[in-house]
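When the chains are written out, they are named A, B, C and D in that same order, and each has its own residue count from 1.
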């Protein structure tokens, strides 16, 4: 198969029925108005060719897809050693907002930066003289990566995050009580809520994936924003933990680094090939877009994107 | 850096001191006699060139490195769908012999085939008219992959496995009680113990890795033993779960599919490049060879084997 | 209210409808034939007066009501210190057949002798030169307490316990693996299954309760079979752990030591007053007879049997 | 043995060495200054006779001994049914400040009112038009029970509770997130911290115990402050859950309702006989006074206070 708009349009229609297996997260403002059946995709290749299909014009909430951006900035600010003293890098077998691991594991750290506890801890590390300043630094990095200078926080979503934030507050105070969080809890959460509340377009998600796929360079100008070592770290963690407690299944079925958000979005990074952005608001119980997941699996198979199958490119396969 | 015997010899000596951070598993017969400081490696490229250094002549116990061979045969016998009705494919955040997940998770299945519970369940699926027959099928596959017709079970280790097998019996009976294990418990365990008790040479481990790295073909004759789809599945699971509850860290620091055993061995598969076999009996609390892990990390960095960094091959890196 | 046959008959009919909230345990032979709506009671006072009502003629399986008899014999054989090195005395908040506590708690002991793990460990302590001998000692003690020389094991139930015993085998092998169980696993389980398979009559259960209520003496002849200290220990453990993970509720609502079995039976010991035996095969999800529990609550209120309310005997209460 | 000042003085000196097995909780202001070896007791009989020995003049922090007063007021305000919709009545096998049960148990309620989560939830139920008003109602009830009109909150302790309150905030926000806590989190915690920060004298603790022991009446004037039904409920919960995750052991070794606080205090209620107040700041890892626990065990044996042994009062026992 070959990547082009028609291929994507056909793929979208094949995968749209999977939306019926999920449900839109009604807690996120405006998402409730979006159709259960929305599904859109944008893919941008390392040659900077852009393809799209379906409901790709859709703008939605950044949510957990922000977790890799926070991690990127924290790694730049403090280096790998310091960041992973605060947070682990092992997959968690519990849901993304679980708190039991903080109590039951010997070192009481968040298991990894892709779950809520870990992302709050990572956000607390980002340098800046105020929450606003730290948030501006996130926005600045994100605007460079996405080439979208319009990116900003959605106030309505932010207010909602704060209002509905009890579970995340519980995680943060637990980490405060055991010394994982050394900063002010309210400030750490405020930054976390702001980052989650950024409005993103499907193309932004594709460009984030592309940034990883292209080794941290922006295709056009070759500007290098982050060291290759940190990019490898983040991609490996996306592979083992990026899709909540379905990450193992995505490693098998999709086979390249992805990160999802409960707004139904997914960012995928296919090394040396392309970045993929998907919006599909109907999510399953584990927090992943049902139609979006189906689309990623199909694209991985059809376009031979699975990293564990790179060695098989010339082989005839009939047994998918 | 370039892979050759001298490189490996230097790397071995650099990593040997890490053995002091581990301890030899005294429960496995004859391992107790092996030196705490043993560390050996064999790497075989897809061009069938072989390199070695250190205590590579060492023969030891297959243990958990067998888990991917059992999975391979079960996938061939029953296909992916049936196998993954019995066992999951999500990483576990508890130690490899943990039982709590069987009780606490909603579907009561083993989380994945790389942990003890999952490997017992997978072994129970392998076809055959008797335990001996099923074990012969494992041996036959393994002999083809390793080109080592001498491979056989070590009786002393087998007796020890049976005698010390209470924890695995506990796992098996739990799975019997909840319907995961539908076969006879004693037979399932007998096969599991036999497979773990195969004597393997460092070269065997390298050839297993090579088999995966080469897309399931034996380099010399191109004989295809298993479908590419199953190989992808196994490698993805090795990446997310192959190194016990340090798998996340290995994905970051090593970045290619590996599988360890508590005898201190590791098999690594570097897609399109090479298979790696390591013996280093001193293991850490999580079950992985301390010197062997250090060696893998070093080889991944020096030889640019990290799959998440393939796109960076031409880049100058100073910041490891 | 005053205890007599008419009171009990009225109480039975008032509580019988609660049977509809439970279900008969179909795994225990012959229980499946018993009516969902069976409910019977026998109460024997310390003056040796006997009252009964409902389906009291019913003979059924001893099951977990045996746990206090095993504990009694182990305490006599080894003393308190030794027994509680093997098993704890803290209530468990998980179901009676849970295994996670053995893995997750620091000392890996069963939490108490009233749960399956604890009872298997306690049974393994009972002295004797064979399983048969040890079982005979249990029977002998039980026959003295119940004055029922006909008491014996039901072969059909025993075969069923062995056949369906995988969960208990899992518990036993786990305890073998961590050193809690030092005897042969099969022998420990064999004894445990035999004790559970004794056929008991409602009157036997009442006499066991009476034995505790009367300070370890048989009312008629004053024969003292066990030290007061051990009796106190067992009753306190029945109060905190005797009714599975509803024990807290029974302490509040009933307020005297009770022990239940999944055959729907309950033994109650009202200090200085009476022993109560109840048969009511429909059990709830936690393993307790629904109609039997309702009857105990009613008797406790009407007859002022709650130990935490002994001081209120002369007070007029209208606000139950 | 007979209760009098000399008996208590001898008992205190026998038990004082157990203080060496514990440590003073340095987080509570002024406790750090108190001697590791302090141990004092006051016992007041239902005939209103008062006995004391050791460091009984000591004033300290109410801490978890407040949990039964909050429960008392909540039961009066809302009745049993409503209170136990919010909180369970089953013992917890984890430490008193554990959060995992809120995540892992099916109904996500606190397991009982004697653990931190449960006590916060119960405090949130207490009626009043402001935190101050609700706290005044607690103080008013407590002053009546203790006949101590001087009782008030210690500002220094209160400030410390608020400052060090992250773990309790984590519990409260978790309960807010799952709907257990329907009130404002800050207000619920503020009230909880205030109640914990009341300065209590050893005599106050004894009078609280006496209040329960005497059926809810004040010995001198017979004023009835709470229904007998609620008193029974609270005492049963103290028996199964009052001493954190050593409650099972206290039921066996002491055998009457007790409640401890991490300031090293214990309140004991011996039905129809006496109330006991103990101060002994050195606590063990589970939160209970080590010397205080030894003293309770000794008094229970010597003075035959064990409720499970009431029936044995006339019996000669040599085998403690």
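Keep this in mind: contacts are C-beta pairs under 8 Å (C-beta built on N, C-alpha and C of every residue); 3 or more make two chains touch, one makes a residue touch a chain.
On a predicted model such as this, the values are computed, not experimentally measured, just so you know.
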Intersection of contact partners for chain A and chain B: none
From chain D, the most remote chain by mean C-alpha position: B
Intercentroid distance (Cα basis), chain C paired with chain A, Å: 54
Interchain centroid distance [CA atoms averaged], chain C/chain D, Å: 31
Rounded Å distance, chain A centre to chain D centre (Cα mean): 48
Multi-chain contact sites of chain D, meaning residues that touch two or more partners: 104
Touch-based graph of the chains, sorted into line, ring, star, complete or other: ring
Pairs of chains satisfying the touch condition: A-B, A-D, B-C, C-D
Sites on chain D touched by chain A in the complex: 98-100, 103-104, 166-167, 169-174, 176-177, 185
Chain D partner contacts - residues on chain C that touch it in the complex: 88-94, 101, 105, 111-112, 213-215, 227-229, 231-233, 235-237, 239-241, 245-249, 251-252, 255, 257, 271-272, 306-312, 315, 317, 319-320
